[in-house]
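Have a look at these structures, which come just after this line.
Both complexes below contain subunit A, partnered by subunit B and then by subunit C.
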Partner chain A sequence: MSYLIDLATKNLFRNKLRSFISILAIALSVALVVFVKGLVGAFIDNMYSLHIQYQAGDIKIIDQEYQKKERLLSLNYPVDGFNGGGIKAMEGELKRIKGIKRVIPRIKFGAAISTEDEMIRMMGWGVEASKELEFTNIKDKLVEGRMVRRGQREVVMGADLLKKIGLKVGDKTTILYQTSFASFKGSTFKIVGKIKSGLKLLDEELFYLPLDQAQKILEMPDMATDLLLETDNYRDLEGVLAKVEQLFKDKSADQRYSIIPWDKGYSMIGMLKVGEKIYNGIYIFLVILGAFVVINTMIMIVKERTKEVGMMTALGVKSKEILSMFIIEGIIMGMVGSFLGVIVGALITKLTAITGIIDYSKAMKGVSGNILMNPIIRPEVDLSNLLYAFILGVVVTAITAIIPARKAAKLDPTEALRSN
Partner chain B sequence: MSLLKLQGVKKIYQQGRVEVEALRGIDLEIEAGEFTSIGGPSGSGKTTLLNMIGCLHRPTIGQIIFDGDEIEKLPKEELAMLRRHNLGFIFQDYNLIPVLTVYENVELALRLLGDVEKKEIKERVVNILKSVGLGDYINRKPNELSGGQKQRVSIARALVKEPKLVLADEPTANLDSKTSEDVLEVMLEMNQKLTTTFIFSTHDPQVMEYAKRLLTLKDGKIIEDRKNS
Partner chain C sequence: MSRFKILLVTLLTSLVLLSNLAFAMTAEEIMNQVDEYHHLKSAKVESEMIITKGNRKLVKKMSSLIKGSKLGMTEFTNPRDRGSKFLKRGDDLWMFFPDAEDIVKISGHMLEQGMMGSDFSYKDMMESAKLTDLYDFKILGEKEYQGRSCYLIEGIKKEGKDASYYRRVDWVDKERYVPLKEELYAQSGRLLKIMETKKVDKIDGRWFATHQVIDNKLKRGTETEYRVNSIEFDADIPDNSFSLRNLRR
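So, the complex of A and B:
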């Protein structure tokens, strides 16, 4: 076998320009895969991450009736624990499940602020600030002031919302809302922080207040509208999900609450998952395009070396060894090309990650706040992406090299020896 | 027992709808150590006969027994192994691998055997190259050699594994008469020194005269089989 590898390696130097072009073609397609995968991966991961942080958690627990009317932000169907025992006790039970890192309660409710000209509609999020700071990236988005504190009548608002209502950090504002008993009320809060995230939801539509204050003003003691669970690995929920479902079954709460994993029941996430599969096909297609040059080269090589194949057969080289020799030649081209492609691809991805290549800021202006997407995409250099692109490059080249290699292995030795 | 025995060997090729009978019943026995030439005009079946003996083709009818093995009964893989261990080939066009040095071209035949130590390979390759007068050319590439030198490399490659039989298809066809004589001298010397059996084809009567046994083919049949005094 070693002589086949030696020979295949030396054969690459027969026509250096041709080998270089083949390697270059593979390198370019692999570099493209690294870059596109880094870009698409960053885009999708970013959307998943924002979706989990601000919408779904790894797993979301909500009342089944609330799920049907989630967009109305109804307070009539809260999560109030097992058999009305409160969310604190429920949190305690949930945290006992191995794999659950954190339980994050939120109360989402509709609210409004009256300015001189108009009534500005908003969404209030009652949150436990410390958990939000750990679970979401809100800390990086606070451009002024600080996050709300438990027990304080204070709010944090988005920069665009503050602009709309003409207030700034340090000002006080009266917020209008409807309690869980449907009575209209108004409460005054101090604005203690400003958020600028590039996300319409955070910048323009919602304000944060401490959970205890939300529970108090909305008359929802020890309740929340959503209970988000953070797990050890959001990509592997099966085990944890089964345990949570079992707990709710044991507590006879399975008929009341919906336990929703982050990737179920959200059309956008479903589309992204389909997109991921389509892109996987595109990556393979990209490398196949590069491999066409290798096939072409290999066909020329086999044609040029027909006589040599005849000679080798006469020397006693078996058909499968001839096949192996040409495939090894393809694999070496694939390996060198893929290695160069991975390096070039990683460099391009790294450079564009620093600058950020696509700015959707303007396009995002008219998009609903429910679509959580960072306006600037920064591709990621991920070791698994590099490995994937390298292996893909080598495997596709090896497979495509089989076609001409088989042709060589099937050559009739006497006819091969007669060829010119 | 003879090294090679052909009994009623016929080879029929299909060319479109026409059947071409390249060999029309060859009966032949070759003893170990012979230095035999196959002569005859172009199209007489010399190359076809060498290909049959070299296990590159199977006869349509008839039997070829090489060193006790009926080769038409052996599967393709075993035929390859038989060629690898027992047969050496010398080609008209030398068929050296251009990216390999003289040493590596010869070494290839030994590396294929798989069970020869690196040290022994080196020893045998250097010795055989010295024997064919190429001791000073081991690191040259084929494109740095003359036609005669290339053919010597080809002879060395065929002999280095010490095969039982060496087949040479018109080994001097591309060489001038002086170089042809040199190459034939080398082959003859190797035949005498190593007692390797040689069968070579040629249509050059001058070259034929080097052989100890002369076979003449015409229209796929042996029309003459004589010893050369």
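So, the complex of A and C:
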């Protein structure tokens, strides 16, 4: 066997340019796969994580009526606990379930600020500051000031929103809203922080205030509009989800509330998951493209060495060994090419990630704030991606080498010897 | 025919004709009378709004001062809204809230939205300009409504005027000159609101609707009632009642 490997290696050196081009083709395909997989992976992971942090939690609990008219931001269908017992008690019960790490309440409501010439509409999020800082990446996005504090009449706003209303950190502003009893009111808040996140939702559409203040001004004591649950592992919700559903059933609250896992009930996530599968197909296709060069090379090789093959067969070399020899040639090209490709791919990926070159900010300007996507995409360099690309390169090349190799193995020695 | 007979017939015919002319009011005249009764030159009003949303019922009580079509001040007196004040001066609306450190000024299209979750918009409340100034009216016919004989009158918004609705159809009580029913339309032809008068009282020589119900056709399951509990017409209200200082107090 080892003599075959020797032979194969020597054969590759016989036409250095041709071998080099084949290796280069594989290297480029594999590098491309590494890069694209890193890009897509980063993109999808980013969307999942933003979706979880700002929209869905790992699991979300809302009133079923609220869910039907979620866009209206109605305050008439809040989460007010089990049998009206309040969300604090509900949180206590939920935290006793193994697998639930944190319970994050939010009150979302419509509001407006009147400037000299227009009424700027926005959305208020009453939150528990410490939980938000831990659960979301908001801490990194605070470019000025600090997060709101419980018990204080303070708000944190996005940079673009502040620009719209013409105010800055340290200023006070009067915010208009409607309470849960349809009373139109205004309250004055101090702006204590500024956010710049690249997300339209955070920068332009919403402002944060302490949950207890929101509950006070909206007349919603111990209530929230959404209850988000953070679990130990968002990729494996089945067990925890079942326990939460059981708790709600025991408390006769399952008819009133919806318990929604992050990856079900949101059309965008479903589409992303299908996208992931499609991309896998694309990676394979990319490598096949590179492998075409190898097929072409191998066909040429076989044609050129027909006489040689004939001679070998005549000397007693078995057809299985001929087959192996050609396949090994293919595999060696595949391995070298894939190895180079992985290195080049990793380098390029790392470079684009560090420089943050891929920036969709301008393209996202018109997109709704409901699409949570970080416009600067930093592709990830993952060991599993590198391994995947390497193995893909070698396997595809080996398989594509089979066809010309079999042709060579099947050659009739007498015909082969006679050929030109 | 003898000359005498011809004279008699001519006299009788002209009498009939003349009498018809004398009793046939134009649409404008009818609406002028409506305005006379309805348009408040100045008044002090105690009223309440009852908003029904599904099975929730919310009551808002208000004290209002009105002077002409440019000045109006309303203060909410029910517990949940107590202390909230709204001041209208010309085209501007100023608002005072106990929980705000500053008064808020709003203008323009914000006024078209439902006040306090009701189906009366701020504009509806504050629109105390005369209907005849805002609309061109014509008589469509006569109809009965709630057992009372009414003129059916259509009004189209005058160009350049700032009225809340493009077209309105009023059932005006012939005897009392109070609209018993109103259909309010957008320029697209879409029916926006229906107002029905449930009670009419004679106060200080005028007939005035003291209980009205509005059905907002754009929102399902809601209904707003408006009741006037007391009203003093032609009250003497000094201008400085409508000052920003008074708003802040």
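Just so it is clear, the second predicted complex is superposed on the first by the 356 of 420 C-alpha atoms of A that agree within 3 Å, B and C clash if a C-alpha of one lies under 4 Å from a C-alpha of the other, contacts with A are read in each partner's own complex, and residues count from 1 in each chain.
We take it that a contact is a pair of C-beta atoms (placed from the backbone, for glycine too) under 8 Å apart; a residue touches a chain by one contact, two chains touch by 3 or more.
Predicted model, so just to flag it, every value in this text is computed and none were measured.
**Q** Have a look at where A:L315 lands relative to subunit B and subunit C in the superposition and call it first, second, both or neither.
**A** A:L315 sits against subunit B, while subunit C stays out of touch.
**Q** Using the superposition on chain A described above, determine whether A:L417 touches subunit B (first), subunit C (second), both, or neither.
**A** First partner only.
**Q** Touching A:G92 in the superposition: subunit B (first), subunit C (second), both, neither?
**A** Neither partner.
**Q** Report for A:G270: first if it touches subunit B alone, second if subunit C alone, otherwise both or neither.
**A** The answer is neither, since A:G270 touches no partner chain.
**Q** May I ask you to decide whether A:S183 touches subunit B, subunit C, both, or neither, giving the answer as first, second, both or neither?
**A** After superposing on A, A:S183 lies in contact with subunit C but is clear of subunit B.
**Q** What is the contact status of A:I217 with respect to subunit B (first) and subunit C (second): first, second, both, or neither?
**A** A:I217 sits against subunit C, while subunit B stays out of touch.
**Q** So, does A:R14 touch the first partner subunit B, the second partner subunit C, both, or neither?
**A** First partner only.
**Q** Based on the superposed arrangement, let me know which partner A:K307 touches: subunit B (first), subunit C (second), both, or neither?
**A** After superposing on A, A:K307 lies in contact with subunit B but is clear of subunit C.
**Q** Of the two partner chains, subunit B (first) and subunit C (second), which one does A:Y3 touch, if any: first, second, both, or neither?
**A** first
**Q** Please write out, lowest number first, the residues of subunit A touched by both subunit B and subunit C across the two complexes.
**A** none
**Q** Quick one: in the complex, what on subunit A touches subunit B?
**A** 2-3, 7, 10-11, 13-14, 307-308, 310-311, 313-319, 413-414, 417
**Q** Residue numbers of subunit C touching subunit A in their complex, please.
**A** Listed in rising order, the residues are 51, 53, 56, 58, 60, 80-81, 84, 95, 97, 99-102, 104-106, 108-110, 115-118.
**Q** In the complex, go through subunit B and note every residue touching subunit A.
**A** 47, 51, 54, 56-57, 76-77, 80-85, 87, 89, 91, 93, 95, 97-100, 108-109, 111-112, 157
**Q** In the complex formed with subunit C, which residues of subunit A make contact?
**A** Going through subunit A, the ones touching subunit C are 76, 112, 114, 118-119, 172, 174, 176, 178-179, 181-188, 217, 219.
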